[in-house]
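Here it is, the structure, as structure tokens.
Labels run A, B, C, D, E, F, G and H following the written order; every chain starts at residue 1.
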Amino acid sequence: MGTESTSPPHEAAADADLHIDFSRGQRLGFPEIIYGEHKSADQLQRIVRQCAEKQHNVLISRCQPEKAALLTGGTYDPLARTWVNECAPPPLLPGKGAVVSAGTSDAPVVGECVNTLAFLGLEALSIQDVGVAAIHRLLSRLDEILACDVVVCVAGFEGALASVLAGQCPQPVIAVPTGVGYGVAKDGYAALHGMLASCANGLMVMNIDNGVGAALAARRILRLLPPRH
Amino acid sequence: MGTESTSPPHEAAADADLHIDFSRGQRLGFPEIIYGEHKSADQLQRIVRQCAEKQHNVLISRCQPEKAALLTGGTYDPLARTWVNECAPPPLLPGKGAVVSAGTSDAPVVGECVNTLAFLGLEALSIQDVGVAAIHRLLSRLDEILACDVVVCVAGFEGALASVLAGQCPQPVIAVPTGVGYGVAKDGYAALHGMLASCANGLMVMNIDNGVGAALAARRILRLLPPRH
Amino acid sequence: MGTESTSPPHEAAADADLHIDFSRGQRLGFPEIIYGEHKSADQLQRIVRQCAEKQHNVLISRCQPEKAALLTGGTYDPLARTWVNECAPPPLLPGKGAVVSAGTSDAPVVGECVNTLAFLGLEALSIQDVGVAAIHRLLSRLDEILACDVVVCVAGFEGALASVLAGQCPQPVIAVPTGVGYGVAKDGYAALHGMLASCANGLMVMNIDNGVGAALAARRILRLLPPRH
Amino acid sequence: MGTESTSPPHEAAADADLHIDFSRGQRLGFPEIIYGEHKSADQLQRIVRQCAEKQHNVLISRCQPEKAALLTGGTYDPLARTWVNECAPPPLLPGKGAVVSAGTSDAPVVGECVNTLAFLGLEALSIQDVGVAAIHRLLSRLDEILACDVVVCVAGFEGALASVLAGQCPQPVIAVPTGVGYGVAKDGYAALHGMLASCANGLMVMNIDNGVGAALAARRILRLLPPRH
Amino acid sequence: MGTESTSPPHEAAADADLHIDFSRGQRLGFPEIIYGEHKSADQLQRIVRQCAEKQHNVLISRCQPEKAALLTGGTYDPLARTWVNECAPPPLLPGKGAVVSAGTSDAPVVGECVNTLAFLGLEALSIQDVGVAAIHRLLSRLDEILACDVVVCVAGFEGALASVLAGQCPQPVIAVPTGVGYGVAKDGYAALHGMLASCANGLMVMNIDNGVGAALAARRILRLLPPRH
Amino acid sequence: MGTESTSPPHEAAADADLHIDFSRGQRLGFPEIIYGEHKSADQLQRIVRQCAEKQHNVLISRCQPEKAALLTGGTYDPLARTWVNECAPPPLLPGKGAVVSAGTSDAPVVGECVNTLAFLGLEALSIQDVGVAAIHRLLSRLDEILACDVVVCVAGFEGALASVLAGQCPQPVIAVPTGVGYGVAKDGYAALHGMLASCANGLMVMNIDNGVGAALAARRILRLLPPRH
Amino acid sequence: MGTESTSPPHEAAADADLHIDFSRGQRLGFPEIIYGEHKSADQLQRIVRQCAEKQHNVLISRCQPEKAALLTGGTYDPLARTWVNECAPPPLLPGKGAVVSAGTSDAPVVGECVNTLAFLGLEALSIQDVGVAAIHRLLSRLDEILACDVVVCVAGFEGALASVLAGQCPQPVIAVPTGVGYGVAKDGYAALHGMLASCANGLMVMNIDNGVGAALAARRILRLLPPRH
Amino acid sequence: MGTESTSPPHEAAADADLHIDFSRGQRLGFPEIIYGEHKSADQLQRIVRQCAEKQHNVLISRCQPEKAALLTGGTYDPLARTWVNECAPPPLLPGKGAVVSAGTSDAPVVGECVNTLAFLGLEALSIQDVGVAAIHRLLSRLDEILACDVVVCVAGFEGALASVLAGQCPQPVIAVPTGVGYGVAKDGYAALHGMLASCANGLMVMNIDNGVGAALAARRILRLLPPRH
């Protein structure tokens, strides 16, 4: 680009645009997750290479299929749009999360969340398509949900499932609005605002479609459990 | 205002700014309701006078207390902000509406709706404070609701009650979002969008805080019932 | 996805992401409509298969042509984007709906509404392209509209047709804003807000482009009519 | 304020914050109108004094009553919130404007527009409360409107009157949305967007509540008429 | 669509979704313009056929190239996206409009406006790329603009050109915001709001990218001129 | 209100608008918190009376001073706007929360959160005015924060403190945006969106100014700790 | 508030909610400015006391008159809403700023900016009410502006002055939108977006009404000048 | 387009839609930058030809690859989307800018800014991927940043890096929000509002993704430095 660079030349040529936070595991207890959507295929390839060199497990989220096809050595889930490469199996941690969704269309975000939980070494139970338009579907699964340590609720449209869930469950409930819907529901703002404004007490909310974030929040919460024996 | 007026002078001086739709009853089956909020006390006084001269029942909605205090001959409900003057009792019409609210704070809109239903000659059952954060409150009253012909659902915050109701009731369900709440719920947009985006099928929505409109919509719907004997 | 599932393994593999509400007919009097836009072709295929196995009629809305091409046994309307499979003809119900649109461009939403009414067993009269910029077009058809039991008004741009219709018709009027237009009308918010804010009394509003919802709302309303002989 | 000023000291002390555009009449054919809402009483007093010294007619718009009470020599219209001082009568110009409003509550904006037209030397016919919820009110006055040279349409709520008017009238039609209404109509955006998105051709739109601007736009348009004899 | 239709069968099959307003010329003095963007190619073809049968001139706006390619007999301007078929030359009307734009990128909207003016029989002078970032470009063309009867200002980004023009020109000034720009300027709201909020008096505003509307507004205004000899 | 009521008459007269969720403690482990802002003084008084009769502790949030003055028997914190009446001291629960704020102006929301934590029987450490404009203030207190089990971050303006905190702390971090600020920060949307969009992983977000909700979320999370001995 | 505090008791009682950044001068070259709007009078009094004890100059912005009346020892400017106490005169720094405003109504923000520049030891020239509706007012003062080192442009409504200024001046230009205006200009978003979207190159923008920020930005810029002798 | 043109015919045919501001260099000290996104390939080709004829260096920003492929003689950077043709090397100017970004995904905007700085003859140091989720990355590079004369901060998501940088650096800091992110961060508004609302003093903000503008702002600022020897 015709301007000076203070990094050593060879690094500048290669990876001046990358500073992977390799110390995050030590600091926070979980590795950095790579956000793939706005990165170029070239950038992702170099990230994967750096992680492999350091024997670092890596999960790339929101990775478009055409980019995933250019990455080597990992596993791609086209519905969840996650690409994962595990140099070593993650340590199995205590606690179990329920991932509960309102509709079949929410499956990609459920997938992103469940895959991230697995990447973090956490067990998950997924219960899908139990939205409030037919509330008996949810009530018939309530016991299974109550047996988990933390609940993630994934819903688009108006997101009312989160309010009902938080009104029935004493656990931490993490709500993930999705962009499923059209008209005022398009892009997920109706669900987001519905969840933030929930009349149910203590509901915690993530950004729209942020399945990764919900898994990481669950990871932070489950840290409070005594270690598994 | 210093410009010519084509109306007869005396009318111009008096009521050039008013054209009450006295033929609405004949055309639509219900009288015009007067929107009071942005009218001056002087304008409201002249409207009341015109209606009295024509022996017309009148309901003024969103009427501030200081204006209501200047009107003579009717009844003011300070919570619902309605002012009503009935020259003759309204005809008792067939059908019964349930007005169901999510929280105690929704009482003013419930009141506006119930008072308008009464003004239109309709019977109403009001069930308040049964929001989804404690869903047993709603389920225990479901039979009473199912016995009505039309359901009005009044809710602020995220308005999730409407989705649950419409999922359980086969009747026409009219949702009225309210401006109860703060942050993203302030002004009622979270509830409005939640209701419009509802995953429950066939939910119909009114403007924020529009209790009058819900009553009139119920009136239009109940017209389909065979007449009362 | 590498995490435990509590559903029986074979179901989990197949349809863990689906819970079709087969009891909706019993509860509400009409079947669940499938929202197709955000579902994968694989998900839709499995839904169609489940419905066929249970001899359930099914309508998929907002179904993109490339997905419809992968479904077998039903009928696709490319303008309305509805895919319908009827194992048995729907029962013919009492009442008749008028579907009135402002412009030729609103035809897809008109089509979705009319097709859903037919799927529900309801008769419909469609009157298109009678927007208020040339109000004689509407007035010349008013008698036909007044002969129907319920009116659905479909309009984009500013949606003014709904106000005029509700001012002339005593029936229940259901307004469906459409995303037809550009600039401030793009995405349908100008029409949506215009309909919600209508000066005409008792107008009920659906989400943008929600032709399915309007048909279901009409279905709920027409339930009040005495049964057809 | 403790910093240097390059204006002559006495002017700085007095009127450094004012540069009235006294040459606007020569340039554009009409004087500057003073926007009062965000000016202090002290600023308005100095503006009035400057105009008086130059024998300049002055109209202050959106002037709060408590400020108007501190101004001397002019006339205040509390409904329209205009304060006018005319050193000489305005020249009587050719052309006539119709100011048509949807509801009684729009009277303040009608007043601002009519008063400004008078200040500019233009004749106006005002027809109020003829909104589309009862369209016969408008149609019965259509001949009077068609006899004018330019039409100003003032409406709140959904503003549908503008579309109907522009569909019936061949003249220039200037739409002024007002902040009359509540919920989605609050602050005037529903009417503004409805008017901008109008399906009626060639409708021109002003800012919300901008009665002054509509009058000035009419003034620009009527300049095309041959001069009055 | 499986439901009854009250139109005569053959018409229903053909054109039940069309009601071209052929009487608009008589009522308003100019023909209906066809909005093409959301119409199907089939609908546009039938509209063109109807107009040809009645010897009606027709202009289709916002017509995508792939649809234009399916229309026969007219002229397509790919930059302006207008398709025009003139059975007879339009009558040459009095008056002249200036179409002034801020940037080269605004050319499509300028083209739509200029083409519509020509279709209406009006003469136009177009002056492009004279935005306020280099104000001498505008000032050097001011005399030409002042010689016109009406001014259309087309601008994207912040749209400041409209304020400067309206401050210098006594004529009617019609502002057309465009969607040229990115970030906060994307979709044209920055320009729209800037023009509506303009400190310059009497500026009239059209919807974003509405070059057709500006031409029709100019047509309404120029009607005030005495007829050409 | 002139309509039938199905509740027993005396209850209808008294408390038909109230259904306090007295079983919430059993179901969720914490009592219902009363939202005071949109309730009338009469409604709050009746709620307080019901709770006293059942020996229920009660906290009213967003309680305006003029209403608090009408309540008897409890303690009002005018900065936090909480009114608390404790019939018995809350059980002292395990775990400790840090409440960290960006600025002095956030004190009311900090107060609401800290008071609610105390009401729930939880210990809290509050660290205020350590926003990122002077990051050493935060870093010097980091050890104290790291010693807590859960972190609540309260911030207005752009809310950047939450991202920095979540990047440094492995615990669950709950972000509460506040309405502190002006311009784009007014009403708290800049902070809300900043927190939802945070680049820091697993940050959980509450509604604007929702100090109560953050405390309840902390309560849900701390439930995972083994009980205190 | 009934919870433990880790600060020493006496400090907690007094000033636990304050951490004034006394090292900002050393770090950035200018002192912290106190934002007064959302602080209580008690908080401001304690801040003033702390500054006095440390002989620190202090400026409180957006300080309401009723709070200013409770502060002792400084000077209050009621138009600009600034309260200043200077223990020692600020050092006179090199460079000069021009503060140029569009209208008389912008005076409060001009005042805030000019007072802050003085507090920082900078010379300022203020030129007010030279908006683009009458562009000769600006052009006649252009030489004075060109003689300054940095330009601050303060404007409400559409904010077009900033584009014209930045097109004529080679200096750094800092734009401050104000909340002056109504309708779409209310709250300052029209001006903010107009300035951000400006077609003029390199215009830098502050938050709405942020006169303090513009002065601090000017202070940062003028740091590049060689020191005054 | 069938209407008269007052430009000389040959120019009208060729370049009536272009008025490149060739005097900008003389007036402001830097050339006009061409905004490419909404210009047609034909328009860009004619602009490049005009510049070449006048021996003018030219930079086209936001130039799509398919258009760049049609331009001859210059250099295209596909990541930054800039196309540059330099007839002569730019003069090397005094001062140095730091361009600091939060994430790898911000590279296109960093590239646009750095390329523009080089085009203007300015030296730049780019430091990428040092966002606040791992703040040690930034702190370890702080000395390099402090050695520059002006700082440009490029960040998407919540944009918190800008607040931290401005809190640590005394130089002018120019913030550029980017559209990197999803949900509430999509399109860059979360970062834009976060930067405008920053608690850090004197932060200046550009439009979303406006790397060109930041470079030009830096150019204006560095003009204050004494000339290079």
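As a working rule, a residue touches a chain if its C-beta (ideal position, glycine included) is under 8 Å from a C-beta of that chain, and two chains touch if they have at least 3 such contacts.
These figures come from a predicted structure and were not determined experimentally.
**Q** Compare the contact pairs of F-G with those of each option in A-F, C-D or B-F, and report the one where over half match by residue number.
**A** Among A-F, C-D or B-F, the interface that shares over half of its contact pairs with F-G is B-F.
**Q** Among all other chains, pick the one whose mean CA position is farthest from the mean CA position of chain G.
**A** It is C whose centre lies farthest from that of chain G.
**Q** Just the number, please: Cα centre separation of chain C and chain E in whole Å.
**A** Taking the mean C-alpha position of each chain, the two centres sit 34 Å apart.
**Q** Averaged over CA atoms, how far is the centre of chain C from the centre of chain G? Could you give it in whole Å?
**A** Using C-alpha averages as centres, the distance is 55 Å.
**Q** Measuring centre to centre with CA averages, how many angstrom lie between chain D and chain F?
**A** So the centroids are 48 Å from each other.
**Q** Which chain B residues sit where two or more other chains touch them?
**A** Residues 27, 32, 103, 133-134, 167-168, 181, 183-185, 192, 196-197, 201, 207.
**Q** Every pair of chains that touch: which are they?
**A** All chain pairs meeting the touch criterion are A-B, A-C, A-F, A-H, B-C, B-D, B-F, C-D, C-E, D-E, D-G, E-G, E-H, F-G, F-H, G-H.
**Q** Could you list, by residue number, the parts of chain A that touch chain F in their complex?
**A** Result: residues 27-30, 32-33, 95, 149-150, 167-174, 192, 196-197, 201-208, 212-226 of chain A touch chain F.
**Q** Of all residues in chain D, which touch chain C in the complex?
**A** Residues of chain D touching chain C: 102-103, 131-135, 157-160, 163-164, 166-168, 181, 183-185, 189-201.
**Q** Spell out the part of chain D that touches chain G in their complex, as residue ranges.
**A** Answer in residue numbers: 1-6, 16-19, 21, 23-24, 27, 32, 35, 37-40, 43, 47, 62, 177, 179, 187-188, 192, 207-210.
**Q** Using the touch rule from the top, collect the residues of chain C that touch chain E in their complex.
**A** My answer: residues 77, 79-80, 103-105, 107, 110-111, 114-115, 117-118, 123-126, 128-130, 133-134, 136-137, 144, 156, 180-186.
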